[in-house]
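The following blocks contain the structures, represented as C-alpha cells.
The two complexes that follow have subunit A in common; it is paired with subunit B in the first and with subunit C in the second.
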Partner chain A sequence: MTLERPATTESSPLVEVRNASKWFGPLMALNGISLEIGPGITGLVGPNGAGKTTLLKLLTGQSQASLGEIQVCGHDAWLAKAKAHVGFCPYGDATWDELSGRRLVRVTAGLHGFTGAEARRRTESVLETVGMADRADRPVRTYSKGMRQRIKLGQALVHDPDLLVLDEPLNGIDPVGREGLGDLFLRLAKAGKAVLISSHILNEMDHLADHILFVCRGKLLASGSLETIRDVLDDYPLKMRISCAAPRRVAPQLMALESVKSVTVQPPEDLFLEVQNPNRFYAEFGEFATAHDVDVHRLKATDTSAEAVFDYLMERASRPE
Partner chain B sequence: MENTPPVSRFAACSQVFRLTLRRQFFSRQTIVIAVLIGLALAVTVLLSVFLQGERNRAVDHLASRILSRLFVGFLLPIISLAYASSAISAERTGQTLVYLLSTSVPRPLIYLSQYAAVLLLTLGVTLGSLASLCLPFGADGWVTLRVFTPVVTLATTCYVGLFLLFSAWVRRATFLALAYALMIETLTANIPGVVKRITVSFYANSWLYDDSSPLNLNPRIPAYDPVSAATAQWVLGLASIGLVALGMWLFSRKEYD
Partner chain C sequence: MSLPVPKNETTTVRPVWFAVWPIARTALHLVFRRKLFWLLFAVASMSFLFMFGAIYLLATLRQQFPQVEKLLTNMLKDLDGSGTTYLNFMLAQGTVTMILLAFAGSVLAGNDHSRGGLMFYLSRRIGIIHYALGKLLAIGLLISLTTTLPALVLFLEYGLLGEPGDYFSEKYGIAFGIVGYGALLSVAVGLLLLALVSWMPRPVPLVMLWGGLFVFLPVLSEILSDEFDNSHWGLLNFWRDVYILGSRCFGEVDELFEGATGVVAGVSVCSIIAILFRLRQLQHRS
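Then we have the complex of A and B:
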C-alpha cells in the first residue's frame, strides 16, 4: 500500500453529520449532533455511555439515525455506496480466528469485490503497511492483542478507504505497539485519509489528533483543535509554566500584567501562572520579556492536554444550566 | 493505490458464499450431524441385515419408518436448523457480523449469498445421507432414493429459508429453531387437524403419500388429509421464495449490536 499525499486536496468534508439523533426505546443515545470530519486525525473522546460507539455505528452504517442525516463522501452512511469509502476497525478482539492473518485480509479484499491478482497485491501491500507481512501465515487465534489490532487495521485498509474509523485501537497495546500504531495513523493522515479514533487514552490524543470531538450524554460538547477549544474555555484560567533565570525577581513584575491572575514560584527556575486571556498574555509577555531582559528557557501551557480540556468540559457540562 | 480499482459485486457475493460455506462446514454442527447420521445409518444397516430374506418388508420399513419418520420427520429439520440457524446468529454472537456489514455488499445480497451457501451445504448433507441410507437396500433402495430426492430437496430449501430467517431475526436462533422443530414440526405434524398445515413436514409427507408415488406410503394417523403432490410442491416452492424474500427484507433493515 502506497501512502502518498493525493495530488489534489479536497476542502469538502468527507463526513457530514447534520442534527443526528438516535433513540433506543426511551433512551436517547445521541441528541442532535452536527459535525464534519475531514482529512487528518480526529479524536472522539467521551466517558462511558457518552454516545461514542453509537456515533461510530452511525458513521459506519451499522445503525441508522432516528433523526437527521449522516453522509459519507456524499452518500447516506447506511448505504453500501458509502461503505466503499469506509474502513472500520471495531472494538474488541473478535475476528474470524480460524483464518490466518493473510487469509483474513484476503477474504476482506474479496468482500470488497477484489479478485485474483488485485486482491493478492492489496493483501500483501496492506500487510506490509501494518507490519504483519512476516507473521501473517499464523492463525489469528495465536496472535497477541497488538498483532490482532494490526491485522484488524489491515482488513480495514485493504480497500483503500477515504475514512478509517477506529474504535479504541490502542486499548491493551503496550507502549512500543502504541507508538508504532500511532506512527501508522499519522502516515495515513498525511496520505490524505480521514482517521477517526475513538479512545479513552486521552494523552495519546494530544500527540495524534489534529481535531478532537468531545461527546458527553449524547451531545457534542466541543469540536476543534485542543488549542482552539482551550481558548474558548475562558472561564478556566490557562495554566502556564515559565522557566527562567531569577524567577523570584520576575514573579512580582509578572503580577503587574493585566492578563495574569496568579503566580507561584517553584525554585530553582520555574514559575507557574494562571492566565485569564491567553492571547493577550502572549502579547504582553513578549513585550515584558524584552523590556525586562528576562532569559526565558521554557514557556509552556500545562493544561491544554486533551485530558485537562476534557476535565474542564465535563465540569462545565455538569453545572446546572 | 489507483482511484478506480476493479471491483466486482459478484466476486464480493461469492466471497460471502465461500466464507459462509467454510465456516459452517468446519463447525461443531457438522460433528453433531455426523453423529446423528451415523446412528441412523447403523439402524438402517442393521435393518437391512435382519430383513435380508424379506425384500419387500425391508423396503417398506426403509421408506415408511426410516425415511419418512426418522429422516424427513426429524433428521431433515435438525440438519437444516443446525446450519441455517447458526449462519447469521453465530456471526452475531461471535461479534464478527460487523465485518460483513462493513463491506460495500448490499445487505440483501449478503443474506442471499449466505442462503445459497447454507442451502448448498445442507443439500449436500441431506441428499448425501439420504443416498447412504438407501444404498444398503440395493435396487429397491435406488427406487426409494428417486422418490425421496425431490421431496428432500424442496423441503430442505424451505427449512433453510425458515431457519435462516430465524437467524437474521434473533440472537439465539438455534434455540428458537429447535423449539420450532420439536414442538411444531415433530408434534403438530403428527396430530389430527388442520394446524399441521403450517408445517413443512406436512407438505413433504403429502407429496410422499400422493397416489402417483410408487412406494404406496400412507399416513400413520387417521384424518391426516394430505394435499396432492402438486399442491405440496407449490406450497413448498412459494414458501421457500417467500421466506428468503422476508429474510432479505429483515436483514437489510435490522440493526445488529
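Then we have the complex of A and C:
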C-alpha cells in the first residue's frame, strides 16, 4: 500500500514503473509497485529482503518484470536502448578483484561500444571525476571499501548515463568516506542525473536524498520528500536510552512529558523510555533537561533500524482512516 | 564537475555485437594472470617445439644429404608435410589442452556465476547471447593458442625451409584444413566447456568432470572397442570425434565420420541448450 502518490518531478520522469510485480517461483519479490524517478537523488530504503535488489535488477534490465511495465527514458528497461541510459553500480565486486581500476572502467567503456581513443578519454575523465585517477593502476583487491565504491561509480558513469543506480553504496564505508561519496552523489545530481541509492538504513539518506521510496515486503510503502516521510513518522513510537545522574529522581519527572509513554529505570544511570512522537519528545526533553538541571551523559534512540520503521509504517498503513 | 562527455556532443558507439570482444579479452586477461596457465602453456609448447626442431633438422639433413631424403621420408612419415602431419599434431595437443581448459574454465566463466559478475555484464546493453559468445570466443582463442596457431606456424616453417613456392602453391589447402579443424575444435569443445562451467562453476568439480570426460571416457572407449570388437565404441572419445570431423577438412574420411558427426552435433546442441537455460535461470533467479 502507498501512503501517498509518488511525487512527480517538474520535468518528465526518467523512470516510470507501473504495477510491476516479480516473483521467483512461489516467492513474490515485488507486488504491484508503481513509482516515478526524476533527476536528483532518490533513496530506495527498505529492510533486508524487502525487494530493493529485485527492483534494481528490473530497473537496470537484468531481469524482466513478471507483470507490469518499466520504462527508462521512454524505453522498456529490458531493452538495450534503455540500458544505454542506465549506469549500474553493483553491491558486490569480487569478480573484479584482479583487474586494475583503470582496466575495469575501460572494459565497461568497451561494453558500451566505445573503443580506442574515445574509450581512453572517457576512462580518464571518469577516473578524474571520481577522484581515482592517481590510484587506478592498482588491482581492485588492494582498494579500501571507499575506493572500491569510487571505481564502481566510475564504471557506472563511463557512458554518461541519465540514471545512476547504486546498490548499497555506503555500506561499510567510514564516516569520512561517506562524506566524500555523498558529495560526489550531490554533484552528479546537480549535473542533472537521476541518482537512485538503495540502502537499508534510513538515516543514511538524511543529507542526501530529496525523495525517498520506502519498500517493504515487496510493496512500495511510502514515497515522497524527506519532510513528508518525517511527518508520517511523527507518531512513530521510539525507544530511547538516556544515561544521566540520579535516574530515579528524573524518571517520575519524565513521565510528566506528554510524549513519554513509559519509563524504566536501570541502575546505576540508565533510563529506558518509550516515546510517542520523536520530534515532539526531542523538543520537550531539551526544555526539560534545562529546567530540571539534568546532567545527561548520553541520549540514544535504540530502535531506529529500518525494520522497526517499516513495521510501524506497515501497521500504520493498515489502520482504518 | 567534469563529466565524460558534454550533453551536446555526439560520439559514435559501436554495435552491440562488438561488446563480445571486451568480454573475451577480460576473460583471457584473468587467465593469463595465472602462473598455472603459463606452466601448462609451457608444457603444451614443448610438443610444438619438438615438432619445430624436428622439421628444422629434417630440412637441414635434406639439404646437406639429399641422398638420404627418401630414407628420412620413409622413417618419419608423420613429418612429411602433408595434412596428416598437422592433423596428428593437433590431436596430440589434446591432452594438455584439455588440462589447460579444465583449470581455466572457472576463471574464464565460472567466477562470473559464483561471484555476481554475470549481473555486471547483463546490466550493460548486452544480453545473454552476447555474454555467451564473448566467453566462447575466449575459450576458442585459448584452444587456438595451443592447437591452431602452432600448427599454422609449423606449416609456415615446413614451407619456408623447403621449397616455399612449390609447397605453398600445392598445399595451400592444408592451411584451410588447419583453420577449419581449429574452428571446429574451438566451437565444439568451447560449447561443452561453457555448458559445464555454467552448471559447475567451482574448479574442483569441474576438473573432475572434465577429467572424466577426456581421460576416463577415452580409456573406456578403447577397452569397450577391444572387448566387443566394435569400433563404434570409440565414439565415446569426444576429442577423437572432433578429430574425425577435422580430418575431413584435410580431405580424409574416416569410417566413423557419420557417427562422430552425430555425437559432436548432439553434444553441441545439448551444450547450447544447457548454456542458454542456465544463463536465463541465473538472470531471473532471486
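The rule is simple: the second predicted complex is superposed on the first by the 219 of 321 C-alpha atoms of A that agree within 3 Å, B and C clash if a C-alpha of one lies under 4 Å from a C-alpha of the other, contacts with A are read in each partner's own complex, and residues count from 1 in each chain.
Note that in this section a residue touches a chain if its C-beta (ideal position, glycine included) is under 8 Å from a C-beta of that chain, and two chains touch if they have at least 3 such contacts.
Source: prediction; values computed, not measured.
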Discussion item. Quick check on the superposition: with subunit A as the shared anchor, is it clash or fit for subunit B versus subunit C?
Written reply: clash
Discussion item. With both complexes overlaid on chain A, does A:A245 touch subunit B (first), subunit C (second), both or neither?
Written reply: neither
Discussion item. Taking the superposition on A as described, I'd like to know which of subunit B and subunit C A:T129 touches: first, second, both or neither.
Written reply: second
Discussion item. By the touch definition at the top of the document, which applies to A:A283: first (subunit B), second (subunit C), both, or neither?
Written reply: neither
Worksheet item: Which partner does A:L27 contact after superposing on A: first (subunit B), second (subunit C), both, neither?
Response: second
Item to complete: Scan A:M255 for contacts with subunit B and subunit C and give back first, second, both or neither.
Response: neither
Item to complete: Could you look at A:L188 and tell me whether it touches subunit B, subunit C, both or neither (first, second, both, neither)?
Response: second
Worksheet item: On subunit A, which partner's contacts cover more residues, subunit B's or subunit C's?
Response: C
Worksheet entry | Shared contact residues on subunit A - subunit B and subunit C | 57, 60-64, 80, 83-84, 86, 88, 90, 92, 94-96, 98, 107-108, 110-115, 118, 122, 125, 159-160
Response to the item:
Given the complex, residues on subunit C that touch subunit A span 1-5, 7, 11-16, 18-19, 21-23, 25-26, 29-30, 33, 111-112, 115-117, 119-127, 283-286
Worksheet entry | Touching residues on subunit B, where the partner in the complex is subunit A | 1, 5-9, 11-12, 14-16, 18-19, 23, 26, 94-96, 98-107, 255-256
Discussion item. Per the contact definition, I'd like the list of subunit A residues that touch subunit C in the complex.
Written reply: 24, 27, 29, 54, 57, 60-64, 80, 83-84, 86, 88, 90-92, 94-96, 98-99, 103, 107-108, 110-115, 118, 121-122, 125-126, 128-129, 157-160, 187-188, 190-191
Worksheet item: Which part of subunit A faces subunit B closely enough to touch in the complex?
Response: 1-2, 57, 60-64, 80-81, 83-84, 86-88, 90, 92, 94-96, 98, 107-108, 110-115, 118, 122, 125, 155, 159-160
